[in-house]
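In the part that follows, the structures are each spelled out as structure tokens.
Next come two complexes, and both contain subunit A; in the first it sits with subunit B, in the second with subunit C.
So, the complex of A and B:
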């Protein structure tokens, strides 16, 4: 066994995993405020990437300006989605809201396809592809950048959820009716969570767009992001980060063992297995909240 | 339309009807007045329409697809009938909903923070919290544990404390005694009375436990089948023979020779 090779696999897996976390944080934000897994997060991420492209490549703005501007636009879009699509569903069965997010995902994919077409475009962040060595281990620079972004967002949101606004969002997730009864605007809270998730989608869209190009395939990140979020416990940001790292490592190391046996393509199988096993064995994930039952 | 400034009740509700889902008539013309600084009780059995009355006042009907289809509700002289729940909380109406419903995954301290009005400064909030912990010392001891694990009595205290943070002028409580041991009911009602006296806060209390409620309120309304069938001072209600029999578990030493053969409930409803 080549330990250096194994640790290289593990470290790169962990970095990729943190990029899944970057995506999953958006899912967790919405789940925390409305207890619904947002199936449109993939679509939002793709839209985020396209908006950055439209501002930088098409409108000619520099990237340092285009990305924050895209974040502002997407923040507004998040609020808009709540206002137009979700407000009338407040208090309805969760499955209705779930179907609505699925519908939104299809809508966002269709819209981007109609506006920007299906050809893959590159983000051109300007991150160097020169090999970068941590000791003897080779890592990708863009993955390192993405992992840094994921960790800073994680810290920012941990702090946010201790602030007064953050506590109100957690209260909304706990009990809509009780929140209304003490004057918390549930609608505005859910809107804020969508707005924040849309900003996270810009970050994820930029990093993933740089790695795999900006096209419809970006929305398929949902599958891995959802797996990470479920493994982490759906409402835990810490869970999303830890689960991302775990899934990344399992996927990378596991695929290296399994691919020669099955002739490639085992990554998706590993992700699927993790999702299915989590739901079967530990439905509330690693850090998810339990429903409290007093005895 | 007489304008009597000095005697204006803080809340007046005039022949209010509530429809759920546009078909079910839950209350059929309820009129209730809460005078400034008084404690008033709404009594009645399950399904009589007491909770619906409170939700009509707090605006929480909307969340259950109900609406006020007739009548008007005035708070400090302003018509609030169609207002959003959160605006009513800003005006000073807070509703402690049935079943405690604390934010279980938040600590008691965070529960109080969550209810703080948007403009409240940090120091005001801390002062408010200290005041609430003084009223409810049990909460202070457990301020940093998860609220879901508090006992039923502590959760009820937290629900009341959480409502107090919103700075209500009118506090409405829906069955605060539900499922609690009698000594806890006495403790909570005692604190409510103290808050009412200390702060001059008006209180509208919905209770099935008429015995406990009539001890602390000045006036009561009896609601049955969505209508007010009787109202009067606590003393008058306590001495009413029908109330004694149906709600206070009284009627002791019934003389079976003189048992009335008509249904007294029916007489109320006509």
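So, the complex of A and C:
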């Protein structure tokens, strides 16, 4: 076995994994505050990417202005979605909340494609595709940039959760009844978590849009993002980052071993297997809280 | 006035456990049944073939999912995968020369076996985590289907369904296909209507409400969960096989993708968990309304002289479909079945409802 090749696979896998984390952080933020599994995160990511494109390509703004502006718009959209769709369902069985987020996902995807069309477009971030060598190891630049964004978002959220607003969010995540009784506005906190998740979706949309083009496939990240979030523990941001790296490595190295055996395309299979095994063996994930109800 | 309760007394248990306790309900059901029976003579064959037939088969499938999600309370996001198992096994059996009657049963049983695998996930976790596990299993099944040419039928990944023949009769006409779908949907509906008043149905409801409370009552939740998954998978398998045999005529993995699983779940939830009439309404709404809206938009834009992008038109049904789910959940989280129930309750006492207040 070629060690350099193996470490190249592992490092590139870890970088891709951090990009999954970028997606999963959005899921975790919402789950942490409101115990809502946000299956619409894929749709939000897609909307985020298309909004950036609309501002930069269609309206002609420079990217450094378009991305923050898109983040602001998505912040509002996230708040709006929580206010209109999710708040009314608070306290309902999880199956209805799941269906609501699935419906939102379908709606966001359909509307985006109806407005901007389904042909794949490129983000044109301006990151060069020149190979970049770490010693003997080939690394893709855009993946490095994305991993950097993921790590800096992680650090930003770690700092944010130490601020006054962040502490309120943590209190809501811990026990919303108690938060209510000490005067924390739980509704606003949950709305804020949706808004922040939508901003994260812009970041994920921009990076993934650069890598694979802006089209419907962006919402297919959902399975990988969910797997990362569950493996890390649905309510742990640190878990999302660590699990992203782990899943990326397993997927990249595993696919290299399995692809010749099964004739290609084993990535999906590996991800699904990791998800099933995690739920079966350790449903609360690596860093999640232990209060998962078992049968 | 519409639902006359006068003179309806249930003096013994047998009459109290009737399927239709109010004569008006029974009359309505008989009317709908007669309409279904006469539909080939009343409706043009386009409507029969492209609306009624898929509606009936999807209703049968949705009722199967309702059994496991609405009655037994187990979330299932991999239902399309189970339908695929039934469809592919039945068609392979039929191509092999097995008579269709047995091929359908083989499809159903194969689905039951695979569907029971999903139940083992349900024995370990529930709620959200069960949903995620079944979702992952759906992806595994998709992968197996697309990556095994022996199952999915060679390089083009499509499998021709042989001519449907039941009871020695080749079925090739639109009317024939319709009656097959009608018969299957009727069977499933009768099964589900009776489920409510059997011990099995009550045990499933007990498991749904609280599984350890059910255990205290002596209901073995392990056994009933597997039973629920197996029974619903059987329905799924036969529905999937009939869908291919009478509607698609060609089995392809995309017909049973994860989006289809979500669609069936949407039908069940929009219709109302545990509601039979709701399943009919939910399927009609999810299956037929997006296309209808698209037709209206296309026609409206043409008559107003506006140009709508072809791509926009292609994606409007999806947007409408998502919006329908969101809107129904906002208006009535318990679904269309509950809305129907509200109207029925209102009419039950109308015009004397003022007296109650």
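The criterion applied here is as follows: the second predicted complex is superposed on the first by the 291 of 295 C-alpha atoms of A that agree within 3 Å, B and C clash if a C-alpha of one lies under 4 Å from a C-alpha of the other, contacts with A are read in each partner's own complex, and residues count from 1 in each chain.
Please note the rule applied: contacts are C-beta pairs under 8 Å (C-beta built on N, C-alpha and C of every residue); 3 or more make two chains touch, one makes a residue touch a chain.
Everything numeric in this text was worked out from a predicted model, so none of it was measured.
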{"item": "Contacts of A:167 with subunit B and subunit C, given as first, second, both or neither", "value": "first"}
{"item": "Which of subunit B and subunit C A:91 touches, first, second, both or neither", "value": "first"}
{"item": "Contacts of A:177 with subunit B and subunit C, given as first, second, both or neither", "value": "first"}
{"item": "Broader residue contact with subunit A after superposition on the shared chain, subunit B or subunit C", "value": "C"}
{"item": "Touched partner set for A:261, first subunit B, second subunit C, both or neither", "value": "neither"}
{"item": "Subunit A positions touched by subunit B in one structure and by subunit C in the second", "value": "292, 294"}
{"item": "Subunit A residues touching subunit B - in the complex, by the definition given at the top", "value": "90-91, 164, 167-168, 170-171, 173-185, 289, 292, 294"}
{"item": "Subunit A partner contacts - residues on subunit B that touch it in the complex", "value": "58-60, 63-65, 85-86, 88-90, 94-97, 101-106, 110-111, 113-117, 146, 148-149, 151, 162-163, 165-166"}
{"item": "Contacting residues of subunit A [partner subunit C, same complex]", "value": "37, 84-85, 88-89, 92, 94-96, 98-100, 102-111, 113-115, 117-119, 223, 226-227, 230, 262-263, 265, 268-269, 271-273, 275-276, 279-280, 283, 292-295"}
{"item": "Sites on subunit C touched by subunit A in the complex", "value": "69, 75, 121-129, 131-133, 135-137, 139-140, 142-143, 146-147, 211, 221, 262, 265-266, 269, 273, 309, 311-312, 314-326, 329-330, 333"}
